[in-house]
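Following are the structures in question.
Next come two complexes, and both contain chain A; in the first it sits with chain B, in the second with chain C.
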Partner chain A sequence: MMSRTNDVYILAAKQISVQPPLSDEWMEAPLRYGEQPYVRAVDPDYKQHFAPNEARRLGKILKRALLTSRQAMTASGIAKPDAVVTATGLGCIDNTELFLDALVREGEALLKPSYFMQSTHNSVSSLIAIDARCHGYNSTYAHNGTSFECALEDTFMQLSRGQIQTALVGAHDEMTPGYFALLSRIGYLGHAPGGFSGEVALSMMLAAKPQERSLCRLRGVEMEYHPTGEALRQALRRLLQGAQCRMEEVDAVMVGLSGQPSNDDAYASICPELFPHKQLLRYKHLFGESYTAPGLGVYAAAVCLHRQRIPAHLFVDCESGEQRGVRHILFYNHFEEKNHSLILLSAC
Partner chain B sequence: MPRKAAITGIGVVSALGAGREPTLAALREGRTGIAPVRYLKTSHTEFLVGEVKLSDEEMTRALRIPESQATTRTSLMGMVAVREALAHARLQRKSGLRIALVSGTTVGGMDKSEQYYLDFLAGDTQNAYISTHSCGACTEMIADYFGIFSRVQTISTACSSAANAIMLGAMLVEEGRVDVAVAGGSECLTKFHLNGFNTLMILDRGQCKPFDARRAGLNLGEGAAYLVLEAEDALGGRGVEPLCRISGYANTCDAYHQTASSPNGDGAYLSMAKALEAAQLTPQDISYINAHGTGTENNDLSEGQAIQRLFCGGIPPVSSTKSFTGHATSAAGGVEAVISTLALQHSFIPANLNFAQPMPELSFTPAAGGDSPAPLRHVLSNSFGFGGNDTSLIFSKI
Partner chain C sequence: MEELILQLKQEIIKVLNLEDVKPETIADDAPLFGDGLGLDSIDALELIVLMEKTYGIKLEDPARGREIFKSIRVMAEYIHANRRK
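Our next item is the complex of A and B:
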């Protein structure tokens, strides 16, 4: 593989999720949800951030995406990124459901355009571009549980090729009660105890050059579909080689354990094999399950690298205490044991 | 020169038929595939549509898929088109190559969701179709039918989805992340889309009339189309002949409105200009423009203005083949990439059907079509989507 080894940087990240919004408070005092299977995001007071007509016009997913994007831009001092790349598993599912519901129940005669206009997956990415007047590259990945990794890899490639210098990368998924009920029925969500459904709005600014307050470096992204054990090991080797990093240097591996056995069992068999003797970290016990939850996992790892500290509550092994002086975190995610992804993040 | 992606196979199913041969024949004979509604169960029979003239059952049988297996029309059409593309590129099942599938779609499995929505709410008799709803699920059904893909990705940028998938596929090949990328898109006609576009009042009841002063909207279509892309410098090893290369591409954002284009076509201008720059070509090098040309008031004005501005030194033949296929939304960029490849290979300009009256705002009129006096060298294909998502691809003779 001739994939280049240039590092790219995560300059800033802002989130709205089931944890306190627009802050990293979860590092010190995470919110806990006990046995609830379905948790909506903790929304900030939008009145402080939007004009009343703007707030009314936009659905939840769009408001959250716009606010986290604006704050990531402000935090990084980049008002107009060269690219806007968004990941979303389900897109604007609220508006999609409303339009579909009206179509099926009331027939084809009396439908209104507003729900349809904000129903496409790329409504999020284009709204951000319209808001910031970004005429650059604008794309949206909608590939279930690996949407975020697709967006991150695309951005990584373009930054390391020098095609762009800055990019706003987002992970955005809302979860309606109706769709939660359907996804529970097919076993993807909602089998409490152990795991809950969350919501995601994450915006990160990435750049080819670091800033003084950059969170961390992104060293590479690898994805595999239905890999054999050997193909997965090769992907890991490619990732580490590309970054000139040795497995011994990796401090810990962040994984997508959610508390749902259908999801967790594969980690239990793959992790000891792929990452022997490595400490495992998790994030879905704090942020919940969602198609774009991996975005929050990468964000959580980035915050740990920035602060040089992994809090005890992220360790899968509950005997572990907090760890300091962390240099490299590997991120591993699988979706339904089909899609596997590996990401390497390093301290600046 | 940096590594470029060559096209070694194409596969298509659209209103013009299944396969590159019927597509080429219809284009050369000026025969449209747009017709009254026949397959979609809608009350809006007043609109003409570009349906694929195959039922789900017919495709299921032709693909030898068990009838009990839950599928969607989007994935069935995708399988038909990918199958042709792989065969065309002579890609065997056990090639030992690292192959990616990159597919664009937006409604995904909505055909089944709108059919079974009330069943979903009432009970669990149609649970299989809950899992087939998402865009990613539709792509994976296509991938799993072949079982040769080691990477699978879905792009969803509305009507530019397939063009963006081709762009990503080319990038993956150029970067050496994969040996082969099969890239394009698939999208079926749904009541969801037909009604959605109807609420925006941009559907023509007659045949669409791109770049015509009397244009009254688009005809929705459907289809799937994929290109097999591989590094030009690696072709020798496989002994396949390239059909052409992707010499440049760009995606930009109009950043003007969620569902309308800016009057000056700023996004469209930028995407064409940047694609030319990436291909190291000048506007004069382009032999033919396969326009987005939906036939809506807004698009054709905006795109036309952008073409006029960029190609001020002389406008090459321009046509919209949506007058043949209808607007296949997320698949359109794939269908038009196949048409652009066929035009290059056979040196002909596809016609812009139904044109009679020039647009007063434009200095050019669309091409009548026919054999090109000189061989085509470079074809520019535009695909624009909601949210001002503008993509231009340039296909070049090798």
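Our next item is the complex of A and C:
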């Protein structure tokens, strides 16, 4: 509930998603997927990054997490963060499915140990910590669509209170055909033209002190459960006050519009009231929907702040052109209209 | 025996996901663990499951794994002598 006044810095961020991997090419030439409802991530050639024996036992989510983490650490020059905090809605769902399928098919006696080892949610965070030889704080948030915000708030609190100096924050989710089919049946995905499911592997290095090439400042995180309109307004006020920022200074608001009416209707009613006259930005039309997609929204806002410009294709209003000189981007997300989050990012 | 050795190599490559390894590059008498293929203790568990699932051999004493998994040839000879499938 409380905003904290000490700033936190996003030093580096690396992603593997449905956009070109390990790059910010989506800023200039994003990949488009038309009416496809189900899109898998664009994987880099892992053989260029891992020795054959190193990666053979790892599922895709683990390879993606390890590679983005290593690159975020390299880009920030921090080889051993004080903490590793990971968000994942589904964990290693691919290996979980393989393990459970074998359990159903063959019983309990002859199960493959590798699938079992990699079928837990915290396999991701523990693998990163082992690889980085990080013996510090290690936590995994597996809270569906609020996983990333929980991980970010935890990290923000620890950094702003001086408990840690650096943290590797990740958002990692893969989407299997089977799970996509289940989510489609309950109306979470796959029911609207233009909305599609994606996959996420995002690793960001956060720190209490800036570097010359820091992407942006993280000013605060506010989360509300089943808020009234007034409670949301208060949360926004707390966030802005904590950052000593006025709403008029906010250049744009990044929201989680996905193309799914069950998700988007709430934005249509809340945004005009909470952010009157503010330009809205979106990111799920490029990165797709998934439980930890908000991580890619924050990443996209961070890149915009670093480059001091918002490309035209991020604006909800198609008439808007590119905006330059960007200083503050507010991030607003809701999950099933129950969990609402507000995050403020500012240029360094 | 040669047919069983080839089949065993193919099974091991598949089960242990040895993407860049071809059956012909695994020497019949080379050690599976350590210097040879460089397998580890988790691979040993996978091989125990493979033996039971594919050849019906239940390894009652896991300590015998060190001896049975010495090389592809030793493993194939053990399978040939004890298989139930």
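FYI, the second predicted complex is superposed on the first by the 344 of 348 C-alpha atoms of A that agree within 3 Å, B and C clash if a C-alpha of one lies under 4 Å from a C-alpha of the other, contacts with A are read in each partner's own complex, and residues count from 1 in each chain.
In the analysis below, a contact is a pair of C-beta atoms (placed from the backbone, for glycine too) under 8 Å apart; a residue touches a chain by one contact, two chains touch by 3 or more.
Only a predicted model underlies this, so the values are computations on that prediction, with no experimental measurement involved.
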{"item": "Fit or clash between chain C and chain B when superposed on chain A", "value": "fit"}
{"item": "First, second, both or neither for A:279, with chain B first and chain C second", "value": "neither"}
{"item": "Which superposed partner A:111 touches (first chain B, second chain C, both, neither)", "value": "both"}
{"item": "Included angle at chain A between vectors to chain C and chain B, based on C-alpha centres and rounded to the nearest 10 degrees", "value": "70"}
{"item": "Touch count on chain A, higher of chain B and chain C", "value": "B"}
{"item": "First, second, both or neither for A:165, with chain B first and chain C second", "value": "neither"}
{"item": "Touching partner for A:184 - first (chain B), second (chain C), both, neither", "value": "neither"}
{"item": "First (chain B), second (chain C), both or neither touched by A:101", "value": "first"}
{"item": "Least C-alpha distance (whole Å) that remains between chain C and chain B when both complexes are overlaid", "value": "9"}
{"item": "On chain A, positions contacted by chain B and by chain C", "value": "109, 111-113, 117"}
{"item": "Residues of chain B touching chain A in the complex", "value": "42-44, 106, 108, 110, 113-114, 117-118, 120-121, 124, 127, 130-131, 134-137, 139-140, 143, 149-158, 164, 168, 171-172, 175-177, 191-192, 195-196, 198-200, 250-259, 266-267, 270, 385-389"}
{"item": "Residue numbers on chain A that touch chain B, as the complex places them", "value": "1-4, 84, 88-91, 99-101, 103-104, 107-109, 111-113, 116-123, 125-127, 129-130, 132-144, 146-147, 150, 154, 157-158, 161, 178, 182-183, 185-186, 223-227, 231, 338-339"}
{"item": "Complex contacts: residues of chain C adjacent to chain A", "value": "15-21, 38, 42, 45-46, 49, 52-53"}
{"item": "Residue ranges of chain A in contact with chain C within the complex", "value": "52-53, 56-57, 106, 109-114, 117"}
